[in-house]
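Chain IDs A, B and C follow the sequence of writing; residue 1 opens each chain.
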Amino acid sequence: MRLSTPNIQLNAQGKLHHFLTLEGLKQHHLLEILDVAKSFVDEATGTIKKVDDLHGKTIMNLFFEASTRTLTTFEIAEKRLSADVVNLNIETSSTKKGETLLDTLWNLEAMLADMFVIRHGESGAAHFFAQHVAPHIHVLNAGDGRHSHPTQAMLDMYTIRKHKGDIFDLKVAIIGDILHSRVVRSQIQALSILEAREIRIIGPKTLLPADTAALGVHVYDNMEEGLDGVDVIIMVRLQNERMQSALLPSEKEFFNLYGLNEARLAYAKPDAIVMHPGPINRGVEIDSAVADGPQSVILEQVTYGIAVRMAIMSILVKNAKELAAAQQAQNESFDMENAQ
Amino acid sequence: MRLSTPNIQLNAQGKLHHFLTLEGLKQHHLLEILDVAKSFVDEATGTIKKVDDLHGKTIMNLFFEASTRTLTTFEIAEKRLSADVVNLNIETSSTKKGETLLDTLWNLEAMLADMFVIRHGESGAAHFFAQHVAPHIHVLNAGDGRHSHPTQAMLDMYTIRKHKGDIFDLKVAIIGDILHSRVVRSQIQALSILEAREIRIIGPKTLLPADTAALGVHVYDNMEEGLDGVDVIIMVRLQNERMQSALLPSEKEFFNLYGLNEARLAYAKPDAIVMHPGPINRGVEIDSAVADGPQSVILEQVTYGIAVRMAIMSILVKNAKELAAAQQAQNESFDMENAQ
Amino acid sequence: MRLSTPNIQLNAQGKLHHFLTLEGLKQHHLLEILDVAKSFVDEATGTIKKVDDLHGKTIMNLFFEASTRTLTTFEIAEKRLSADVVNLNIETSSTKKGETLLDTLWNLEAMLADMFVIRHGESGAAHFFAQHVAPHIHVLNAGDGRHSHPTQAMLDMYTIRKHKGDIFDLKVAIIGDILHSRVVRSQIQALSILEAREIRIIGPKTLLPADTAALGVHVYDNMEEGLDGVDVIIMVRLQNERMQSALLPSEKEFFNLYGLNEARLAYAKPDAIVMHPGPINRGVEIDSAVADGPQSVILEQVTYGIAVRMAIMSILVKNAKELAAAQQAQNESFDMENAQ
């Protein structure tokens, strides 16, 4: 049995203290998130419960990179946990006055933040914060550079499990700009940890990573072959900026080669589900008939994203409480031994 | 008895599900809003109660057209109902990333919005949203193009009723740019539904609508005649942009002809009240002596605006609950019949 | 005994109704703030309690001058008091539509604000608001021009008292741009009211005020002499704009003459504490070894800032309640006398 390398996001009990990346996590970490998320979904109404798990806690959303969609789902998740929520407009903050990023961090910490949700254009930004915050503070990665977007991957896993049950039985295809996508990196990690039967990536060679062998994925540059018999199709959003570089032909050509339309969808299993992190580019990476069709679960992903983010935040706080209780018990037992 | 045309804002029980326009509503719809609003006002202190009616509900304020004043009163109303409130900065949202308006809507819906409050520069925007949201979601119109601003009209009705009692006994004069004002359209509809004894509009011919006969209003282009014996005076805010077009003479000339000063106010009944939706242009459409004088109820309008908006939101949620209960009862009775 | 001049921020019972400046306040006013702030600090955990003191109250943060740091600490304090919080984006508000500042104020008042927190580039702005709001509304000064920043001074007093006990025994040195700092003005007032044994100001002559005698402070232009034997060192943030004027030499030269480094810190008492309102300019007014060293309490100041702001807001609301109760009792006693 190989011990996991020390992981900054785990506490002394091996439980999640931060949520920065899926790398190095065990199946039980992911399954707990999925289970707790499930407990927040009110199956009868399809809505998500309002609970008191984070009443009195202050969460600061630090979005150095604008994203209304991700910020809003975090904000809603936080309010449904009854936390106090502060959105920081980083553009107008002290970082402009010449304060270093660490000084800003320490000041926000001193403002009694219990949790930071960080989105940043640089890979490793959330790790940097986690390395420098006080021990009682939790850091969540809401997307860092090209590195990781773990909450997005976990909501994808929730959606797959909801529709398909256990993931180890499934063939999953991920299509599009694999190379530049932090979401895909996290999705592949999640699917690997949950032991998906087969992970395929499909895309033009210019948009595929070099180290596909190390990733444990099967590579296709042809849609029909890659989709053949899969249970789950995950489309990747095509970034417009790629289009303007030499990496890609025109939008139309991309759609002709890698766009998901009904004809191609037919190569997958008849009950395959279609996913996309949004916002979708209709007619670029996906046809409207598919995006709005019966196999699409794209909007469900958004909803489950709230439950999954609630679950992660709730678990982090619970883990800290359990660790504190264990340390307290240990101290008392130590005191008693000394007293005897 | 003529049946009302099908109205998208009414549910199967004929009750308000959305609040888009006053057109097609019955007196009882408006009276219920005014009565519920009254129940939120704490008469002893002049303030408005904090209640739990919308605890656990998420309201999204979608302001495509900036308006700090309207947004703030909605936000305060929502927080006094204990709702979770999310203000969406539409400028930085996905609509910029090429997502269609409907995709944005569906995504916000999937984020578990229970209610959208929409302000938009295009007439019909709120209707468009209402046509496309999921059945359990409520849409409120906070002003669309030149079409409608129904919550503003309802707070005006509340203010009139508070000071003057039943509206069917009253003569009301509306003064200024009638042609371009969505507020006036809604005010005339509200006054008609509540059967005001007489509705007068006063303004330069270039700023009056063509179809005044259809509106059931009396038209004056002279202030002294138009104000003679009225109970209620409603001033309209003059938009600066009109001034720059050929539609209007200078600000000074407008004030000379249609500005409300103390001398003109004397033509109305001695206890007439003076209203204005704000923000006022002192010395353009209204003289400070009148705006700040004893007959002005302009600031009360703002306060009652919170109670009225709370009432509307609370009624929409209550109506949905009652409809669900009725449908549930019907299903059970149907099941019982089948079982026999 | 000299009677205090009438003070707009005190109510009929001589208690705080607004919090605009420390000028004219008595020791008991300041001590009450410090004591109530202490009651909000959870000593066991070092965090600050969430309480219900302002449940149902609406606080509007009106920041005409941007300051993420100050706005965020106020916002957190308000939410920990369970108030409803509205941040007003003054840039996009009606003041742009030609509405006067007073009309804006009255409208916000009519939106049922219970408290305004105001930051403004003009000296006297908070006083102006306090003179014009309705009697039941409280105004807090979050910094006005070069005049006053009383909540910052009170959190400094809290931090000093926490580490050093009673302030009347202490020698305090304030270093840097004394002339332009509203924080220093408030700090000197607070230290005077709390009868600090000695207040010293240290800085280049171009950055010292003319009326130092009236301020009751000792003036030094040499760090070693000024720091000799002091208990508390308060650094002032150096504004970059001063640097570009003729008032100051280069940053490097300033640091050479007035920067706080370990060698200079040694002139103070061995247990002296080092304070700074933040954000700090490392290597300009303070050396990192000192800012991050064992005598620095800079980050504690931020935390106590939340407790102190909570205390002030809580006291203002309590005072208003007590005054209303006293007036009620007086009216009843008057009625009884008349009835006999």
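In this section, contacts are C-beta pairs under 8 Å (C-beta built on N, C-alpha and C of every residue); 3 or more make two chains touch, one makes a residue touch a chain.
Source: prediction; values computed, not measured.
Colleague: Could you give the fewest steps needed to travel from chain B to chain C through chains in contact?
Modeller: 1
Colleague: Would you mind working out whether chain A and chain C touch using mostly the same residue numbers, over half shared, or mostly different ones?
Modeller: different
Colleague: Where the centres are mean C-alpha positions, what is the separation of chain A from chain C, in Å?
Modeller: 42
Colleague: Mark out which residues of chain B touch at least two other chains, giving numbers and ranges.
Modeller: If we look for residues of chain B contacting two or more partner chains, we find none.
Colleague: With touch defined as at the start, can you tell me which chain B residues reach chain A in the complex?
Modeller: Chain B residues touching chain A: 55-56, 58, 84, 86, 88-89, 92-94, 97-100, 103-104, 106-112.
Colleague: Under the touch definition given earlier, write down the residues of chain C that touch chain A in their complex.
Modeller: 47-48, 50, 66, 68-69, 72-73, 75-76, 79-80, 240, 278-282, 299-303, 306
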